[in-house]
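Below is one structure. I have some questions about it.
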Amino acid sequence: MGLDAAPYEMMAIAIARDLQNGKRVIVGADTQIPHAAVMLAQNLHAPDLKVIYGANCFWGNTRGRNPDLYVSSGAYQMIRSAESRFDHPEIFHRLWAIDHFFAGGIEVDKFGNVNILGIPDGAGGWKFRAAGPVGLPDIAVNVREPYIFSKRHDRRVLVDRVALNSCPGFLDGPGGRERLGLWGKGPRWIITPKCIFDFHPESKRARLHRLLPGVTVQEVIEATGFEIELPERVEVLPGPAEEELQLLRSIDKDGNLRVRPK
Amino acid sequence: MGLDAAPYEMMAIAIARDLQNGKRVIVGADTQIPHAAVMLAQNLHAPDLKVIYGANCFWGNTRGRNPDLYVSSGAYQMIRSAESRFDHPEIFHRLWAIDHFFAGGIEVDKFGNVNILGIPDGAGGWKFRAAGPVGLPDIAVNVREPYIFSKRHDRRVLVDRVALNSCPGFLDGPGGRERLGLWGKGPRWIITPKCIFDFHPESKRARLHRLLPGVTVQEVIEATGFEIELPERVEVLPGPAEEELQLLRSIDKDGNLRVRPK
Amino acid sequence: MERANVTRSVEDAAALIKDGMTVATGGLLFANHPMPIIRQMIRNGVRNLTLVGPASSGLDVDLLIGAGCVTTLISPYVSGESLIGYGPCYRQAVERGEMKVWEVTEGLEYMGLRAAALGLPFLPYRGGVGSDIPKLNPEIKEFRDPIKGELLCAVPAIKPDVALIHVQRSDCYGNGQHLGSTYGDRLMAHAADCVILTCDKLVSNEVIRRTPLLTTIAYATVVVETAFGSHPYASHGLYGEDTEVLREYVEAAESRRTGNPDKFARFLDKYIHGPADHFAYLDLVGAARLVRLAASYDDLVQGG
Amino acid sequence: MERANVTRSVEDAAALIKDGMTVATGGLLFANHPMPIIRQMIRNGVRNLTLVGPASSGLDVDLLIGAGCVTTLISPYVSGESLIGYGPCYRQAVERGEMKVWEVTEGLEYMGLRAAALGLPFLPYRGGVGSDIPKLNPEIKEFRDPIKGELLCAVPAIKPDVALIHVQRSDCYGNGQHLGSTYGDRLMAHAADCVILTCDKLVSNEVIRRTPLLTTIAYATVVVETAFGSHPYASHGLYGEDTEVLREYVEAAESRRTGNPDKFARFLDKYIHGPADHFAYLDLVGAARLVRLAASYDDLVQGG
């Protein structure tokens, strides 16, 4: 192929490839990578991907419309591709019919739990306070298979156990979700600028699924704060097809996804 | 005054006079008399009477608009005076801010309970099945002061105890509503083609409040299936002012309220 | 690869409705009913439905009961309102014990649908407390709330397999727009697994994109184009109800209730079994009458 | 007797907001915030508010916190999104323990508001189960539902005294219309005792009557006409956000958080305490910039 995609571009392409036609997804706040991914998928193989712009309360479809990648997920310009407005509280209607959401946070652990609340100081206060849980605790226990994504891959983000759980994954492992009667299968992937984890069907622990082009297993192990489930053979994600990268860059006109991860 | 109003006209006028400016009311299904009353009030002394057309999901105002009295409360023409559409489930939002509703049924008892379900046969089945409770059980326990109205005044309608309670009034008397924690004060009036009952503040029993012009106390007693609280002096409702009757008849162009009660 | 067109024929759409399903029908009283689907269900001889009717159900629900499709009815009201105060077939089926009524109030019906939409086993409401509804329907349970200890009714989720909704216009991707009242249609659609939309007019996707604020149903499962699809009822924004046919229905159904089923059978033959399809139905009603029904709306405000 | 005109000045409307009240503010992230009222509240020195922020609160909420108006915050998120991932004043107030956060999820916030709208003591939702939210907020109670026995969270009613909502247009009777997203505004308005509406444009009642399907807030308590009333945020349908002023805010607030409060004080002086009224504020921003913000929207679809 000979084409080089930046890591964030590759993340968007990997998610786009995984999104099947006809699925229903919600794109939330501060999520340029997933937003690019759904637009890419709609314009390639998934014209019937049904997308809620969560921060804007529109059902939108960008198919064949030369979309822009808006810097803000609340960008008013999204009405350009909107087909329906709704009251935001209605986003919680039919979450059981939503296939995917994209969750990020300050910590992600081996069972796919996410912390977006902050780090407590151990004395009833806060060492660091993040923006807050938004709707992630709601979505995580209702939607079929959320994706977890992180724009950074290091031992501060990928931890053994989240300090606070504000987006339940597989909780404390096998049977955790079932014990509480949560809906949905639990997280599908953790995707980072280095790799994709899926979850071992029995242990429910993060398992190295695909490396992003140019990344080694050793590099992932060193940058990850939890013990990784390693399959016998780890495949590398195929690089971008020309059409994929061309279309992605026609969406990401300002090169937001070409910046280097921190 | 020398003006003669038909009994249904007089009922509409009596309700209109009682509706204060600025109040919020819902007009429901099959209720021409209350519908005429709210339009009359809006066009006379209560231009800020806020009216929901319950069967049509519009907030409407007919002030100065030469309104029609639609035969059906679901008449599509109501959009002529609509200022806002809403989803019908939202009618249950802010019922605590609604002052009045108009409830009718096949039986009304001395504590202002209404039956609109039907008459059971005593063996688990039905002697007579009416249309069903609609939203009356909801409204009766949330709205401030519903009016009860009946187009007929006889011992089959005005009974000592309803066969089924599908619109709670004062239940079994003093303290009944409070015991269950119901919202709202309970019914304001029972209005019929013969008279208006209010409710004794202590006993919560229907009390003869006003006679419609031309009706006697004796006539009411004979036509009523429960023992009436009688005040020392029963006043007769003043007949229609010229403006009231003229305006009412400009609303009720087809003379629906001029038919004789059965 | 192109976006999938979800338009279907009346016949193909109605074939999605199987015996024993829980089916919700939209509109309210005299407006916005998906009649071509309802007529096709009767033609298909669908049986044993649990029917979730509009919060104020009209004679469309009564017709389905009279045609023998309904075993259990979830609806707080079935009425012909200004024409007749109760649904004649409904009254007959209840009084004869031939149909089960899952007794409910409007508020509780909506809370049950909302529970299904939200994926909850139940929702609470104060409506029903103090009335005989919880005694008549043991599935509605009075309970004390876990925070303040107030007495409330718990209604289980009401979950339709299919919702049948009529809108005035839709694109071929299932984006429907109500040009008048929405009634309880949106909540029914949110609660159901599958949404069948009838629309008076199929419009281009560009029309929808110019007016996304008017889209009330997003991405219905299938869309059926049916001009005058709510006849003999009104379609808010386009045409009024056909009182003449409704009177004919009431007379037929009331005569059936009082022991003479012939007129009702003739009504079914004339309006349902007779016409080969929806176009034949419209010819039966006649162009002049349809034009008059549309004219009754033409001086009124429109959607946007 | 004529219908009452409910339009009021910014000053008169903001005077309805008293110390210690529970106040909800509408919009979401970068759009549709009732800024003239928020600025006037700060000028008035309102204190000890329980603030119910948008489900995704933006820097408008952060500003109220920074100005010292808020004692308790009910909001699941305070962020500057693409400009800064958290609200700087929010982060500072929480980390220093100067403000109580009533921890909640989006879903539970809406259920709490819906409980207030419906007049219920609580509503249940599955959101929060399995997370640490119920541990952080003891007023949210996990319980078993009375029908199926499922584990759910019970959230008490969230009842604002006042809701502050921005719409693009309204008539003088308080019938407001959103020409883009409605966000959580309608539920906030339904839950509150009193609704203060700011509108970019006051239109005649005839405009509303021609487009009743677009009316999203019926009969607000008072209406305030404030052209560019959401500035520096976008007003959906009319103008985009003013990124320059927002960057100025973020810089000032972040510098305050890291120990240097001067810039923030200067920001308040410049945009809030300085201008004599809303017109003086608009002059400060400048006509050319406002025209450009409006132009950024002019090729987009409109309401109806």
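For clarity, chains are labelled A, B, C and D in written order, and residue numbers in each chain start from 1.
Note that a residue touches a chain if its C-beta (ideal position, glycine included) is under 8 Å from a C-beta of that chain, and two chains touch if they have at least 3 such contacts.
Remember, predicted model here, so these are calculated numbers, not experimental data.
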Point to revise | A-C against B-C, pair bridged by the larger set of C-beta contacts | key: B-C
Review point. Whole-Å distance, chain A centre to chain C centre, using C-alpha means?
Key: 40
Practice item. Would you kindly tell me how far, in whole Å, the mean C-alpha position of chain C lies from that of chain B? Key: 28
Review point. Once you find the CA centre of chain C and the CA centre of chain D, what distance in Å lies between them?
Key: 38
Check your understanding: Roughly how many whole angstrom separate the Cα centroids of chain A and chain B?
Key -> 56
Practice item. Find every residue in chain B that makes contact with two or more other chains and list them. Key: 58, 79, 82, 85, 92, 142, 183
Point to revise | Where chain D touches two or more other chains at once, by residue number | key: 114, 118-119, 125-126, 150, 180, 209, 212-213, 301
**Study point:** Chain contact graph, described as a line, ring, star, complete graph or other shape
**Key:** other
Exercise for review: State which pairs of chains touch, listing all of them.
Suggested key: A-C, A-D, B-C, B-D, C-D
Check your understanding: How about chain B: which of its residues touch chain D in the complex?
Key -> 21-22, 45, 47-48, 50, 58-59, 61, 63, 79, 81-86, 90, 92-96, 142, 183
Point to revise | Of chain C, residues touching chain D in the complex | key: 118-126, 139, 141, 143, 145-148, 150, 152, 154, 156, 178-180, 209-214, 301, 303-304
Study note, to complete from the structure: As the complex stands, chain D meets chain A at residues 28-31, 55-56, 75-79, 81-82, 85-87, 90-91, 94-95, 97, 101, 103, 105-108, 110, 113-114, 125-133, 136, 150-151, 180-184, 186-187, 234, 236, 240-241, 297, 300-301
**Study point:** Residues of chain A touching chain D in the complex
**Key:** 29-30, 55-58, 71-77, 79-80, 82, 85-89, 91-92, 117-118, 125-142, 164-168, 171, 176-177, 180-183
Revision key, fill the gap. Given the complex, residues on chain C that touch chain A span 1-4, 114, 117-119, 171, 173, 175, 190, 205, 208-209, 212-213, 215-216, 218-219
